[in-house]
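Below, chain A partners chain B and then partners chain C, in two separate complexes.
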Partner chain A sequence: MANLKLVAGVLIVLVVVGAAIMIVMRGGEGETAQSPETPRQVVLLGSGATFIHPQLDKWAKEFTAIYPSIRIEYNPTGSGTGQTQFMQKVVDFAGSDPPLPASRWAEARGRPEGVIQMPVILGSVVIAYNIPGLEGRLKLDGETIALIYKGEIEYWDDPRIKALNPDLKLPNQKIVAVHRSDSSGTTHIFTLFLHKAAPHVWPKELVEKAIEWPVDKTGRGLGGKGNQGVVELVRRTSYSIGYVEYAYAVLTGLPWALVRNVEGVFIDATPETIMAAAENAYPLLPPSLEDDFNKAWEAIVYAPGKNSYPITSFSFLIFYKVYSPDKVDAIKKFIEWVNTEGQKPKNIVEGYVPIPESIRQYNLRALQLIKSSG
Partner chain B sequence: MRPKGSRHDFIVFYSLAAPTSIVVLILLLMLATQLGLSLPVFGVQGLSTLTTTIWRPSYTPPPDGAWYGLLPAIWGTMTSAVIAVFLATILSLSLVVVIEEVASRRFREVFSTIVDLMAGMPTVIFGVWGLAFLGPTLEKWIMDPLHSHLSFIPLFSCEPLSGATVFTAGILLSVMIVPFMVAIIQESYRAIPMTLKEAAWSLGMTRYEYVKLNINMIKPAIASALLLGFGRASSETAAVTLVVGNSFNIGYCIFQPAYTISSLIANQFTEAQDFPYMMNALFAGGLTLLVIGIIVNSIGIIYLRRVRF
Partner chain C sequence: MDTRRLKDKIFTITVIALSIVAIAPVFHIIIYVSYRGLPVIVESGLEFFTSIPNAVTDPKPGGIAQAIIGTLYLTATASIIAVPIATLAAVFSSEFPRSRLTHVVRAASRSLLEVATIIVGMLVFALLVLPTGRFTAVAGSVALAIVMIPYVYTYVELAMLSVPRTYVDAAYSLGMSRALVIYHKLRIMRRGVVRGLMIGVTKAMGETAPLLFTAFGARNVLFGGPLEPIDALPLMIFQFIQTGYDNWIKLAWGGAFILLISYLTLFIVTRVLVKEVKY
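Take a look at the complex of A and B:
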């Protein structure tokens, strides 16, 4: 008897608890996040790439100082999440290292809200290294880097590296190749560069924001989480090499290699050479900001020009074409400010590189495209 | 038979059913979620998800484009956890014997406090220490000598190229689980009845024989400490991700970088939804971790039954 009662009691409790959980979960789905807004202040909500976050924070601060009625809030959720939230229309704009993939762009373009993408800041990837006792600057080209990350070049004094650095005393030590262990736009740019510079060594299948690293199978590959993780591993590991976002590398003090560009020049990553790559990629931008940017994004990597640093990339902001009447002016002001005042040295965070004048003018065409829904 | 309860008893004890069932329910829900979310990847890749060594993210779903094989991560998890438990057992047994039998009272207090402090430390602090100090130190003073003198042993056969290896992860984990193992073993050691201890002395046992006898008596506690240690070591995330090397690599040599299931999840979960089936593969990893835990604990329970009855 007592047992039966107990079982019945437990069952009832289970049902009640189950029902309660269901109700709570259903309720949660129904609610939508609506941020309470004061009527006078406009909040522009963005989300996406972590790379652009420090720069966007700086812009938001300076911008709000001039226009106190507009506040910019940006969540560094990652490019992928930013794009998804843009497609779901839960944000006012998104930040993304790569532009929208062709399929997503086509979908967004077909909707009444439309889509406008613009490159607002430049990023680049440097090849950092840790070779104790090495004097002078290492020089590398796409093919040797690709062979290192394939595991086929094993030692620093490999003839193929020596050929590029006849004046350096390279040690007879094994190379440890450090890569990102998380998905990252940096990995995407880096692998795209390897593919464009050495397509016979680095196939198209190995171009992605996360890949299967051939060097891992040799036991000489290491993965670090984030730019920070890669930098730490390179710093702690003698005879290692790793690719790091330029904005991050300038703060770390690690040396990085001169990389051979399309014209055969071994070139350092500096704001000038990174900007030169963007300038040389400018003619390859699509005719309209409403177009697909994937070709342009690929074009700036390994861009032509003697002064172009070859592993350079655009970072994008993605907007809609149509905004509600209360937000349309704020968005326009923000776009205008970012492409004029925002590109001046005092508003650029250390390590970030502004876009050249030609691209600023190109971006300002957005002001004619953006309309109010009212 | 239970005594017949009053109405008051009835209300009090039956109301306990709610919190109890919530805990059970959450556990079951967790298992169901893990299983439900990992089924799709098993549907596409079959059980080779657990037995292949390739981890190839791609927008083209498996098997044509992407492939998500978990074997290297399972291997790394097991290897680092076994190294950790093996070392931590030696360390914690010695620590308990020293604290209980050798050390002076003052020394004992200091030691106990330090061990307790270690148990409460955030794991990422261990990780940062492991990355900055433990890894490079082990490489220079332990791994390099072992490799150059004992490289005929397969475990030590590969040249350590950095401090981030599965061996470093194992050592770091052993340091992290020692406090928990010590707590269990020590409590049980102290619970040995005084009469038994006095009897041992009165038989004229040497100190060594006496300690050996005591340790034999607390075997079940050592076993449960082992289980707890293994569970913690195989699921540790923050610290391991920093020192294990995050490299998809499998081999019998422990001086190589590797991956663990939890570090794989920590690294790749945030953007996993972008690649078809990658999220499911990560859940399959979680499920594997759960199953490993269940198997290890079952073995432990069976052993404990044998010892106790």
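Take a look at the complex of A and C:
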């Protein structure tokens, strides 16, 4: 009897699963075979930075709504993996917070497929804090932040912080400095800012995606995984400070500090001030999209200009110069759309900042560069 | 009350308390995942099972149909590849325990169990993705099959070996052929065999690492076919939960709930259907 039941059970499961797969397969075919003139949907695969993922997914959906014959799939594997997969030619484009390192760029440039990089969206890092009972907005500069993360400023009412905030009632409490425990582009931008703003306090050796934090040795440092981990720690730890991606911070409601820029102005991170930094870094972009972008990427951090928020960064998309005939038009349409319609407020996700008009025009030069292999 | 009884009581209570502590995490997972996941499914309704995820800007989260379809497809195809290979290998090594090939298979299976599944993903990436220049559902199926094989093999072999020798001798002395004996051994030990299959299937359903570099994930289509990238529940949960956006975090919890329900159903159904053989 048990045997019969077993056989019946297995049969039922098989039939159900089989039927489901059949339905799904037919549904899928129906969807890929769109209309007579576009027999197959072109799929563009991207991989890389997690930062750009929600924004790129928004773009992908809006883009496909207009061009149903093209579908874009993006996998948030991290900037490093995205670059590697770009070099291995298993994706159609990559997303990366920093541009290709000089050596990788040179290798890609030398290959027949070539390489084109472009900054498509802006990010920035804010200094979030948790000081219970504090009224008013905290002001900081690169040097005090560097000293906090070095462990040399120990208390919130340190004279060096007080000097920047004469009108605030700062408590006599120890500062807990929260940082990322994982390797991250956010850490890279943040430490680059500290070095550029206070080179005598923060040496070049401490500019990296992951570093040994000096403050950890004093026991007042804490590491969190991802933006999420840092936000959680800052929220839970009174009298703490932490650096967080702007796109993430706007969703959390934590207060963040005004940061002094090159011109000596204490400035808030807003879409306008972040865009101003990009506008001021625009003249430092390389002459061609095929060039090395590392200098430009460093230039936007602590960029000149009264209105520039100092901890701002570009996020890049990396393309080939040559595509197969079936993909070349799709890629061009996507690049064109991202740099025109895609930058309009209705297509920008909350927390992301569009690139200024000048850089959009700059990016559109790619349309002349990209060629078909056939 | 005498001290012996008292000691006995204390011991019993301690054992019960410790057992509760041991299984508490399981209940914690079930309760917490339901608490976070169930409201999402209620909120989205049928759309949760029929649509793809919405953009983060959308007021509603949308659905996870592509991930459910992907996990069903990947698990089914991985099982189709893995189960025959693993079962045949297990039958072979239980029938010829002294063969040199058995030693090799056993060693290979044991080391596969030890290998981190991300390595399996990278191996399949090097063998199937790099040469073709394409992430595919097929690569995902193969990677999951490799993850499944050692589990199914180990459990089925164990089941086969635990058939009492006297039964086998009796079968042969009645003039049964070897094939028939093997069939009856599998039948007697079906509970163990099915348990092996279930462990393999659940393992494949819950894996993220081997899919990262093979199936890749495709969230803007329900099903793109075997030669296109494909999504899976664990992959989607992993990538959505670390974003800051409500929509995607909700979908991740909803997906986790679906995965949990699938596990529980699989285990309960096989427990009920496959009865222990009394002998």
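Keep this in mind: the second predicted complex is superposed on the first by the 335 of 374 C-alpha atoms of A that agree within 3 Å, B and C clash if a C-alpha of one lies under 4 Å from a C-alpha of the other, contacts with A are read in each partner's own complex, and residues count from 1 in each chain.
Here, contacts are C-beta pairs under 8 Å (C-beta built on N, C-alpha and C of every residue); 3 or more make two chains touch, one makes a residue touch a chain.
The structure displayed is predicted, hence computed values, not measured ones.
**Student:** Once the shared chain is lined up, is A:I72 touching chain B (first), chain C (second), both, or neither of them?
**Tutor:** Only chain C; A:I72 stays clear of chain B.
**Student:** Does the superposition put A:E350 against chain B (first), chain C (second), both, or neither?
**Tutor:** second
**Student:** Considering only the touch criterion stated at the top, classify A:K174 as touching first (chain B), second (chain C), both, or neither.
**Tutor:** first
**Student:** I'd like to know which partner A:T64 touches here: chain B for first, chain C for second, both or neither.
**Tutor:** A:T64: touches chain C, not chain B.
**Student:** Which holds for A:K89: it touches chain B only (first), chain C only (second), both, or neither?
**Tutor:** Once the two structures are laid over each other on A, A:K89 reaches chain C alone.
**Student:** Hey, what residues of chain A end up touching chain B and chain C alike?
**Tutor:** Dual-contact residues (chain A): 2, 6, 9, 17.
**Student:** Of all residues in chain B, which touch chain A in the complex?
**Tutor:** Contacts found on chain B: 2, 14, 17-18, 21-22, 25, 54-59, 131-132, 135-136, 158-159, 161-164, 241-242, 245-249, 251, 253, 256-257, 259, 263, 266-268, 270-275.
**Student:** Residues of chain A touching chain B in their complex?
**Tutor:** By the definition above, chain A touches chain B via 2, 6, 9-10, 13-14, 16-18, 78, 80-81, 84, 174, 176, 181-183, 205, 208-213, 216-217, 219-225, 229, 232-233, 236-240.
**Student:** In the complex of these two chains, what residues of chain A are touching chain C?
**Tutor:** Against chain C, chain A makes touches at 2-3, 5-6, 9, 17, 20-21, 24-25, 27-29, 31-32, 41, 43, 45, 47, 50, 53-54, 57-58, 60-62, 64, 71-73, 75-77, 88-90, 226-228, 247-248, 251-252, 349-351.
**Student:** Can you list the residues on chain C that touch chain A in the complex?
**Tutor:** Listed in rising order, the residues of chain C that touch chain A are 55-57, 69, 72-73, 76, 129-130, 133-135, 187, 190, 212, 216-225, 228-229, 239, 242-245, 248, 269, 273-275.
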